[in-house]
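There are structures below to look over.
Two complexes follow with chain A in common, the first pairing it with chain B and the second with chain C.
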Partner chain A sequence: MTTWVIAEVGPEGPAESALELLTKARDLGGDVAAVALGPGATGAAEALGAHGAATVYASDDAIFEEHPGSAAAHVLAELVGAHAPDLLLFAGTYASRDVAGRLQARTGTTLMANATDLPAADRATTEIFGGTAIVEVALEGPAPRLVLVRPKSFAASPSGGTATIVPVTADVPEDRRGARVVERHAEAASGPKLEDAKVVVAGGRGLGGPDPFSILDDLAAAVGGAVGASRAAVDAGWVPYAYQIGQTGKTVKPDVYIAVGISGALQHVTGMKGAKRIVAINRDGDAPIMQLADLGVVGDLFTIVPALTEEVRRRAGS
Partner chain B sequence: MSAVALAAVLAGAVALFVTRSRARVALVRAARPTPRTDDVAARAGRELTQVLGQRKLFQKAVPGLMHAFIFWGFLVLFPTIVEAMLAIVDPDWTLPYLGHAPWFLFVVDLFATLVIVGVAIAFAIRKVQRPARFEGSHMGEADRILLTILAIVVTLLLWNASRIALGLSDGDAQPVAGALSGLFTATSGTAERILVWSHLLIVLAFLTYLPRSKHLHIITAAPNVFFAKNGPSGRLEPQRIDLEGPDEDLRFGVATAADLSKKQLLDLFSCTECGRCQDVCPAWATGKPLSPKLLIMDLRDHVAGATGATGEIELQAPLVPDAVTDEVVWDCVTCGACVRECPVDIEHVDTIVDLRRNLVMAESRFPSEAGAMLRGVEGPNQNPWGQPASERTGWVGDIPVRVLQPGEDAPEYLFWVGCAGAFDDRAKKTTQSVARLLNAAGVDWAILGARESCTGDPARRMGHEYLFQMLAEQNVATLTEAGVRKVVATCAHCFNTLANEYPDYGARLEVVHHTELLSHLLAEQRLLTTGGAAGTVTYHDACYLGRHNGRFDAPRDVLAGTGLTSTEMERARERSFCCGAGGARMWMEEGGEARINDTRFAEAEATGADTVAVACPYCFVMLDDAAKAKGSDVRVADVATLLAEATLD
Partner chain C sequence: MNVLVCTKFVPNPSGTPTLGPDHLLVRDGGDGALDPGDEYGLELALQLTEAGGGQVTAVSMGPEDAAAGVQRALAMGAAEGILVTDDALRGADALVTARVLAAVAGSRPFDLIVAGAESTDGYTGTVPVTVAELLGIPSVTAVRKLEPVADGYRIERQTEDGYDVLACPAPALVTVTAGATEPRYPSLKGIMAAKSKPMERLALADLGVEAAVTQRVTAVTEAPAKAGGEIVQGDDAVARIADLLTDAGVI
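Our next item is the complex of A and B:
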């Protein structure tokens, strides 16, 4: 049994999802390898090894950035042909979904999307009916079976191993390259990356203006989280649209969501109801957010938030 | 000799007219047919009221009078063109019966003068008043057209004056021409010849100018009004999507000029750039790129350009973004103010939705933030917020409510709660108020509970016709199986879809809005109010209840029953200004200089009322958000809640 984790890598190292998948792959038993394609691959090998990859097939070639999806799918198809792994785990991200779909068209084998767990090497769980039911499915047919796993389905933990790096030549014929990236444009986001943050501190109309967001920044910095906002605060022009959480903004699923001065209108709730723990700080104890919150604090946010920040800092310091 | 010259000039003018019309005629003939032949009596009636009677032009009094003078003038003066041709052949020839009838001479004299007055008013409007609605219109072309009209009637009056001087016509019957006849003498025969020729040549030149000008409406307006939609404007023309059917029948809205229907093309060729639509458009009023007028002009210029000088039809270029930008297509709230205002019945909203259909279904190109709504509606829970379907009855609390189970007898009224009414905290209050009132009045009613799903309205207005079709078929099947006959809805959008659009999918329902049912229950004294509520209220007409469906009085009657003092906003009833949420805008971010809901709320606040009454959950959310953003003390509440507060238990 050989399991490969298709690791997303960058100059700053492997993506968290790669480490999560490696942790899971270790649990499944058998040989574990990682495939890292694109600039930063070799550099990421150490972290991949430390999380359980005995082998890292790596290529730092820029072609994987120039031809997203198609180049990686082609090289993967060649690697799969040469080494015959049994199971390939992908992160359920835009980039990996693209690769997995293209690869499946080449291998013609089972592809399971949106998995939330793998109880065994030939089993996967997924949610149906909008998350109201969880089913376990059998992965059948010949190897390799491809599984796309939702990010954050597992917690990454290191195994302390080291990996052997096997360099991969990025030999992609012209007719397999597909679309080429002609331009990259970085959306100027003045805030931190909301979707990945484990703690989100979000402010709403109750803040009353742009300046009080600084006390949220302080709290977020103290807990290592990111700052978001409700649509009301964005519409009022207090913070940019990149902060917006809700139906027409970002959807976040942090471990802890701290809603400050947010009433909890449906438009907002749809973007954060997946948070594991919800803390609401609001002057109005009858605000709809209080029904959703695990901990509701009724009071003046201008007193409570700085005090909370202070306490977090004090405990972190001691 | 004159007869030969006349024949040559006529033949030349007609040939030029035909040549210049050919491309546009071919385009319309090749276009997709529009099924608009139902209820011919209603269509003929519009020709009488709207074309002959100029009904919609009179929505603006002075410009309406201006246009009516010119229009009626030309109708009356039509025989004088024949008269001029006859006189060209022989100065003694004129129309039989009419030519020497004093009453006809008087009518011609009067209406020719009224046309001059009309042109003078038009210039006063354009040069002195300069209303903003003309921004973006071709002003130079309008000037040329008006001057040509002026030249036609001035040469007519002068020609008639010269005939009076020559003793060929009766001066007593023509006060204006009679007065002008002093300019001529009994020897002005040459002047008379020059004038009659000038008159006819200007008329013919105008004819050849028409096909490529915005003045083409004098030919296209009457058929465009005839083929306009009958019935409530809230109903969108369905576009059946049958994935099993032949591929060539599969169409996803309008991508290129070749996809436009006959009516849609006729719309483009009927626009006079008057800008009445632009004047009432909420998107334009709040500084967004969309103006219904510019949309039609841009599409027209694109289509006209496509048919080019060679006459070859090159229709493969995409309308979006070649003719209009994506932003323009997504700015529309489908409030229908433009359609209602348009004197020639251009249907801007249908064309915009058709463009959206192509962007959404064929290209998957739409404002990304609306994706959550589409996924929610399409997903297992079938509501825009993706809330669990099992929570549809979450509003019930301790209110006695019957949830209709499969196999049970249908109630008299099925209360269609709607997704907002079931999930949105503000709209839930409306739902609870209606439920309590129905119970108080002893109405036999029930809800579908978890078996209800989105009507598909936001998906349809967004352009996702296929998703709408699936939901429509599913909901119609549920309602039919349940044996439901009468439905009451609190959401104006659900109401419109159930009442006007579901019949296209086989529904046979009597649909009422909750304000109608409540007003009825009040009139029957099944609900008794204290009538003692204090304060002032202003009612905001929901587009899909009011303008699109003509329900203006029921909500006002209910408010009258509460005892609150009503005051009206400047823009009310059929001229109400949208809250900003229609056309699936509820699910999109808003750009531009101002927000539509803030603009509308400011109008409500300006009345001095302490409560803004609404009758639709979208309006409720939008106006309440605006009130909160402004930190206003003005309360926003549904008509039903205001009634419930004033009702005796």
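Our next item is the complex of A and C:
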């Protein structure tokens, strides 16, 4: 049995999701390898090896950034053809979905998305209806099975191993490269990343517009946290997509999650129910989020949030 | 410009979804809707054809009830609809769905295929790019803006911290993010006109696709319920939250 982890990498190293998946792959037994395609791949090999990859198939070629999805899918299809792995684990992100979806057309094998666990190499579970039901699925048919796993489903732990790097040639025919990135526009972010923050302050429809997010910024700054949002607030254009927490968007597991003006739709709950402590501030005491909250506060967020920020500053200063 | 828009009829997104005895999502019984995530792409497609000519065709795979979703697309302004419906497709997985959609697209000329980023019931999110690979065409996901240019499309793609601009040859497939456009409501005139627009019904045999099943639900269990917390209001609420933050060690 051979499991491959398709690692997302960058100049700052492998994504946490890759280390989580390697930890799970070790538990499943058999041979474990990682595939890292894109700038930073070779540099990531040490960390991938330390988390259980005996082999890292690596290419630092910029083509994987210039042609997102299609270039990696082509090279991966060739690698799969040559080495015949049984199971491929991907992070459940937009970038990895694009690779896995195209790869599936080439392999013609089963693909499962949104997995939250793999009890065995041919079985995966997923949570539905906002995590209220767990579905176990048998993955059948020929190998390789393709499984996209929700980030933060497992805790990464090192194995202390060392990987052998196998250089991969990024040989992608012109007609398989697809669309090409010609410009990049990135906005600089401040404070901790949403996925890493110990406190997340998230706003929803109850904020009523983009401007009130400034009171969440103030609270997040006071507690050293990050600001997120529900899909409703993102779809309304109040905050950028990078803020979105939920089934669509990011999965967060902070020490404290403060949901402000968020009703608690299943879509949102999927991305935050793993928080250690949940606080909900909402006008409606019957909102579904109140069922999930360790502490539910019924009241006017425009009064409570600034008062809380003041109180936090007072306590932190004393 | 001819645009195919892939649409899905999903259980009412604001209703309570249920599983049948076969562990499959209950998809019939009337309480369903065109996936709200599809309307952004449909709107984009309608704007493109209104500006540059051509027509929009709405394609869907689903039970007979899914005709209502295609009807909604027609009412919004699509010129024709195609519904692939077949008992053998019950519980079809991502690959079978992609093969069906690719077979439909492969049987007619198109310049662009538009889909939602993911369905609001299954959230798999891979079907569109699988369709693109099966057709051998480029794809761009998470699109927030698209304009036709001389040699294809100039596309703005939503990224984590901003957006990328991509040059994409035609024909191509794109998935459109929620909020990229402001979907129109069907007018009364549109709803009336939709009734006389053509809707083609196809079965698997018409497309030469086989419905092989590679996933089987073996168990559905209830997740352990979370013990309800405390609900407070009034003057000490702020202090209570601050206490919780202190206990958590974050202040």
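Here are a few things to note about the model shown:
Keep in mind that, in the parts below, the second predicted complex is superposed on the first by the 199 of 318 C-alpha atoms of A that agree within 3 Å, B and C clash if a C-alpha of one lies under 4 Å from a C-alpha of the other, contacts with A are read in each partner's own complex, and residues count from 1 in each chain.
Keep this in mind: contacts are C-beta pairs under 8 Å (C-beta built on N, C-alpha and C of every residue); 3 or more make two chains touch, one makes a residue touch a chain.
Keep in mind it's a predicted model, so treat the numbers as computed, not measured.
By the touch criterion defined above, A:T251 lies against chain B but remains apart from chain C after alignment on the C-alpha atoms of chain A.
Touch criterion met: A:P288 reaches chain B, while chain C stays clear of it. Of the two partner chains placed by superposition, only chain C is touched by A:R123; chain B is not. In the superposition on chain A, A:P39 makes contact with neither chain B nor chain C.
Contact comparison for chain A: of chain B and chain C, C touches the greater number of residues.
Of the two partner chains placed by the overlay, only chain C lies in contact with A:T110; chain B stays clear of it. Once the two complexes are laid over each other on the shared chain, residue contacts for A:R205 go to chain B alone; chain C is not touched. When the two complexes are overlaid on their common chain A, residue A:D235 makes contact with chain B and with chain C alike. Comparing the two complexes, residues 128-129, 132, 235-236, 241, 247-248, 267 of chain A contact chain B in one case and chain C in the other. Chain A makes touch with chain C in their complex at residues 69-70, 73, 94, 97-98, 100-102, 104-106, 108-114, 123, 127-129, 131-141, 148, 175, 177-189, 198-199, 223-225, 231, 234-237, 241-242, 247-248, 255-256, 258, 267, 273, 276-279, 281, 285, 290-299, 304, 307-308, 311-312, 315-316. Interface of chain B with chain A (complex): residues 369-370, 372-373, 376, 379-381, 384-388, 390, 423-426, 587-589, 595, 621, 625, 628-629. Residue ranges of chain C in contact with chain A, taken from their complex: 17, 19, 23, 93-95, 98, 117-118, 120, 122-134, 136, 138-142, 155, 158-169, 172, 177-179, 212-223, 225-226, 228-234, 237-242, 244-246, 248-251.
Within the complex formed with chain B, the chain A residues making contact are 128-130, 132, 205, 232, 235-236, 241, 247-249, 251, 264-267, 270, 288.
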